[in-house]
Amino acid sequence: MSGRTGVWFIGARGSVATTTVAGALAIGAGAADRTGCVADLPGPDAAGAPDITDLVFGGHDVDGCTLPKRAEALAQAGVLPAHLPAAVAEGLAAAEARVRPGATAGDAGRSAADRIAADLRAFRADNGLDRVVVVDVSSTEPPLSEAAARATATLPALEAALDAGTPDLPASTLYAYAAFRADCPFVAFTPSPGPRPPALAALARDRGLPWAGSDGKTGETLLKTALAPMFATRALRVRSWSSVNLLGGGDGATLADPAAADSKTASKAQGLRRILGHPVDGPLHIDYVPDLGDFKTAWDHVAFDGFLGTRMTLQFTWAGCDSALAAPLVLDLARLTARAQEVGRSGAQAALGFFFKDPAGSDEHRLAAQWDALVAWCAELGAGPDGEAAR
Amino acid sequence: MSGRTGVWFIGARGSVATTTVAGALAIGAGAADRTGCVADLPGPDAAGAPDITDLVFGGHDVDGCTLPKRAEALAQAGVLPAHLPAAVAEGLAAAEARVRPGATAGDAGRSAADRIAADLRAFRADNGLDRVVVVDVSSTEPPLSEAAARATATLPALEAALDAGTPDLPASTLYAYAAFRADCPFVAFTPSPGPRPPALAALARDRGLPWAGSDGKTGETLLKTALAPMFATRALRVRSWSSVNLLGGGDGATLADPAAADSKTASKAQGLRRILGHPVDGPLHIDYVPDLGDFKTAWDHVAFDGFLGTRMTLQFTWAGCDSALAAPLVLDLARLTARAQEVGRSGAQAALGFFFKDPAGSDEHRLAAQWDALVAWCAELGAGPDGEAAR
Amino acid sequence: MSGRTGVWFIGARGSVATTTVAGALAIGAGAADRTGCVADLPGPDAAGAPDITDLVFGGHDVDGCTLPKRAEALAQAGVLPAHLPAAVAEGLAAAEARVRPGATAGDAGRSAADRIAADLRAFRADNGLDRVVVVDVSSTEPPLSEAAARATATLPALEAALDAGTPDLPASTLYAYAAFRADCPFVAFTPSPGPRPPALAALARDRGLPWAGSDGKTGETLLKTALAPMFATRALRVRSWSSVNLLGGGDGATLADPAAADSKTASKAQGLRRILGHPVDGPLHIDYVPDLGDFKTAWDHVAFDGFLGTRMTLQFTWAGCDSALAAPLVLDLARLTARAQEVGRSGAQAALGFFFKDPAGSDEHRLAAQWDALVAWCAELGAGPDGEAAR
Amino acid sequence: MSGRTGVWFIGARGSVATTTVAGALAIGAGAADRTGCVADLPGPDAAGAPDITDLVFGGHDVDGCTLPKRAEALAQAGVLPAHLPAAVAEGLAAAEARVRPGATAGDAGRSAADRIAADLRAFRADNGLDRVVVVDVSSTEPPLSEAAARATATLPALEAALDAGTPDLPASTLYAYAAFRADCPFVAFTPSPGPRPPALAALARDRGLPWAGSDGKTGETLLKTALAPMFATRALRVRSWSSVNLLGGGDGATLADPAAADSKTASKAQGLRRILGHPVDGPLHIDYVPDLGDFKTAWDHVAFDGFLGTRMTLQFTWAGCDSALAAPLVLDLARLTARAQEVGRSGAQAALGFFFKDPAGSDEHRLAAQWDALVAWCAELGAGPDGEAAR
């Protein structure tokens, strides 16, 4: 694939975006390897997608902390290597210079959408980009209100609501609308509504644009979808599966709000039920423990029955860094979605379900089956629009 | 599939065999469900194999504790439901009546093989069985000595050694030899050498017999092969994987002998390296803690790197009952191997690797990929020898 | 100590009371040892208290499931040995015959108190008992309402409220009132208000009666009060302490009600803060997972700083049986409180804080310090009322 | 206490000594607080000991990596804060300048002892120190050989062996001999023989010198001695206690040698048996996992019985940094042992058992009881040699 690809973040100064940009710069400078990056593994084999080093970053944000300052804070917290922010200072400053003010509360009507789309077009034009993928890595929003659900049920309803300046359209959905209007594919890395309502899906289809979502599968849910098939294929009956997530950082603070947490817990819960084929008892907690910062600890307790009803248990503790787990997947998704657009795919890209807790366009949650689907899809993409080999 | 199938245990009075027999009887009596049994799940769909209720049990053992007594002890220990031994007493007594004295030390030459084969033929004839599958669930043996390796390198060498009465041929291999001579398929549920040396594999091929092995994948290794692909497909670099297994029971006592434990640890270690593609640091302990009885607790600690070298960990604790995990797999393997013989398969059945730590005939250790292979193989078996549907 | 001592349970047919009675009978019959019983250890040395075999059991309950039936259910669930209920059937039936209908909703006035006190006096007289200790092991109640707090602020206010038939006095407090009126010491084994309001404490003092409470320290909190002093005396700074309790059983169902859980979480939280000397961040969950029955699993995650701010963690998982942990402490408390009455102690017995999450009369939560206090107190009690040796 | 105190490390360039020196310098510069330092807590109240800021550091080492370089490596590994080595560079260089070549293999006779003692006297004189405490933080040695045991059985035997140049006297014991000859108290922070053989104890007594040991109780054993008393005082019967320690770093490499590990496991095992009053089943592993560096992860699994034989378990995982746990205790021990010398104490200081896995002069392993003993002893020391208040 020739040319350059833009990656436009909703939440450009947050931990995930900053880690993504700093990491891509480090890889470009030969100061880091591609640990955690899936697209370049044997199997996906890059799929003809643009390389990490071909990406140009920009984005919207409402937070005043600049990308370089965020990078410093992340290095202090042990998320980024101590000396990385200084080593990639120039690139961080360049990305920071491309950040535009994000949409704020009440800023949800036609004019806001137009402004966002104009920012996207300017980013593409100013940087001589072939295409721009918009990636939502901003704070988790609550599920749609009833009014918002009505307003996004059909495309005409949405257009009317935008004209009327409907106030409670979620920002993520406004961004998705603007992205599609500006001919940009969209990646929903959070559980926010974003491109998922029918009106948005219709718009993407109309404009021939691919999108992917939602809610990056980075930690406890990743483990669940790797482990639950083991219980299913071994006919071991899961009686309860209890989950606790302790996390600090910005995401933890957002999820301390029960309304926002509803989106996340709904997203997290569905895979297990789908894989096991029945509902499973047990709590699912997300707790804000500020002290833990970007490092998350999850504990899961699984009680199951074996032969003749013998009771057994599995427990696991996962201690991971959310931003470090998310960032390489963001790079993968931006690259693969860009390639999907190039070869003419549109609509929800079900084969990208491997990356998500709540895979748009698919009911498949089993991690290994998702991997197989991703590999097959990448082989098609690698073959190019007409079937000839890419590059 | 019509007719009846015999299951002949090496180690017929041990915990695994007793749990298997008691469980099959309970299922036949409608007193237990098939939790833990894989062959009847959607996917394998029984593969045309004999039903659990069509199995007839017998076996060899050197231990004097009878099957009904062992069942009582297992009920005391919480492995079997408290009232099960009484409920299936008649069936246990019938199985006990079919137990023959096992081969003992020094009893490894031609005459011993002939005696074993005669026992197998008598079991088949006396019970009007269509076929008999031999399943080794006896104590783990050490790896082959150099002399035994030479003696089992080729079939002529083995025949000569048997004629000479070579003393250090492992019992499991003697049993496998006798089984093949008596036209019985063989399932190696332990890591003992059994049918794995070249001479035995050649004999099975010559006589058109299927076999499967080795070392049932029931606990910690099962988890490893479910989890390691997650690290591999997410490009997370595993730096160390430390494993501790605490177990009592007869298996624990056997494995307290370092020579026997060598077989087990070698069997356990290989999957991880194969799946991750590189050797992995970290100890692998198997400790005998008599107090724990048949319940095993395994703790694994995985240290891995994510993006930009961020250090993360996964720990899990598995508290399971070994006999209860093994017994349903023994039923599955006996049934599926019987069916394989019926439709004319011979040699190591690679598709049964799903059940084993050290899959004969296959390098595939990833649990989900093994499941896919099993399902495909079962579909072939279900279609019968000529391709028409079975039953 | 001569003579016999009665133990009267509020909640006589619940899991804790049934396990206590069945266990005492088993010990009396020589069918069980005193594992879990503290009073007979070196140190306390029984303190001159009545022996377990000198106890006579009765109680109130509103549940219709009889003691023998409850014992059967507990044996099924693995809480009691399988054959114990049959072995002590006679004793269980005798205790069941002494159970009287408990107070029900709205049944909170003077007449109810009189009826309860009459039941206690009849139990003492009918069985020729020297004294009767009342032990509350019934379901956890919510904290006092404002009206109930006013009604129990002083003894005159309480008497007036009883005369007026005040409806929202908690049952536990009504029982404590009746117990003191009938000259019975009281043990509050739950976090319910019981004898803790000022009016009740005054009544106990007036009548020269000892009492003890509250909320038996049986599991996670026990561990916390053993571990937190380690952090304190090693100057390790605890940054967060997160706790999750998964439990089924009746207690789990009660605590699924947020109002009742408030009593429990308040009781559980205070020790940590007191021992560490500062508030500690982190959630404290109590989750009802019916599947787990009487077995509780608690997971705690402690994040702390060492020298130069180095971050470290401790996690623990406690898998225990609540009734089996509580029952021997109930025996200890009944015996020691009876002895305290015999030697003339009155009021809250601070030295029994060793047994409680929320020790009445004491701010000491450190387990080892509580043990030292208990041993010293037992030595005093053992010396008898006048200082001469008891028995 | 007036004047200055020297701290002389055996192993002056190792992780523990370097962390200790860097930490003391940081505290002196106001760049770190005293987290992890016990002596200044309420209770010990410093005991009249010299302040951390009054300490002067030097030592022996055979390793060529300088203290400033080691500090850099520790900062890279996350043991020291990233910017600390630069901030205290001057102090590190000053300590490095006071390091002398350590004793090497075969260097175990009279002349070596004389050279070491001369180094100690020179350190004291050159720096105008009131006293010098020698602290062994070097690599763990194997238990005494039979010959060495004979050579250290009595002081005359030791003197004769030194004159004869006996080759297999452990270095730690040679250092202890030289320290006592040079009138220096000694702290054995490792499980090496050091001052423990009778000959050394006699020498310390003869010369009126206090000493303390052995093997700093920093992690898993610390937890064991906090938790085991809980089981004992609650009459819960511990059936097995299994322990696994995964550690990298220099200590891990040393302990990968089974002979050295013997010292450590013997030291670790004894407390449990002493506290519980009976031997306890279960393995005790120390595994070298280089990847983990200075961070150690320990997993313990405790199986215990409650009332009526109900089976329960406790597991814990401790993830700590050994050097950061050890360093503040080294400061405490140096200060308190200096004070003990000042007030005229001699011989093994049993009250310092709080700090050790294998407390010299004491059988008390219960952490809380050790704390009480330490507090009482500190009160005596604080009162000074004649009973008047210190300072």
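Lettered A, B, C and D in written order, each chain numbered from 1.
As a working rule, a contact is a pair of C-beta atoms (placed from the backbone, for glycine too) under 8 Å apart; a residue touches a chain by one contact, two chains touch by 3 or more.
On a predicted model such as this, the values are computed, not experimentally measured, just so you know.
**Student:** Looking at chain pairs B-D and C-D, which one is connected by more C-beta pairs in contact?
**Tutor:** C-D
**Student:** Could you work out how far the Cα centre of chain B sits from that of chain D, in whole Å?
**Tutor:** A distance of 50 Å separates the two centres.
**Student:** Chain C to chain D: how many Å between their CA centres?
**Tutor:** Taking the average C-alpha coordinate of chain C and of chain D, the gap between them is 43 Å.
**Student:** Taking each residue of chain C in turn, which ones touch at least two of the other chains?
**Tutor:** Where chain C meets two or more other chains at a single residue, that happens at 78, 313, 315, 317, 319.
**Student:** Graph shape for the chains shown, where an edge means the two chains touch. Line, ring, star, complete, or other?
**Tutor:** Graph shape here is complete: every pair of chains touches.
**Student:** Mind pulling up the chain B residues that touch chain A in the complex?
**Tutor:** 19, 22-23, 26, 32, 34-38, 40-41, 43, 78-81, 84, 222-223, 226-227, 229-230, 233-237, 305-310, 312-321, 324-325, 327-328, 354, 366-369, 371
**Student:** Which part of chain A faces chain D closely enough to touch in the complex?
**Tutor:** Chain A residues touching chain D: 78, 82, 317.
**Student:** Under the stated contact criterion, what part of chain D meets chain B in this complex?
**Tutor:** Those residues of chain D that touch chain B are 239-240, 242, 244, 246, 281-283, 285, 287, 289-292, 297, 299, 301, 303, 313, 315, 317, 319.
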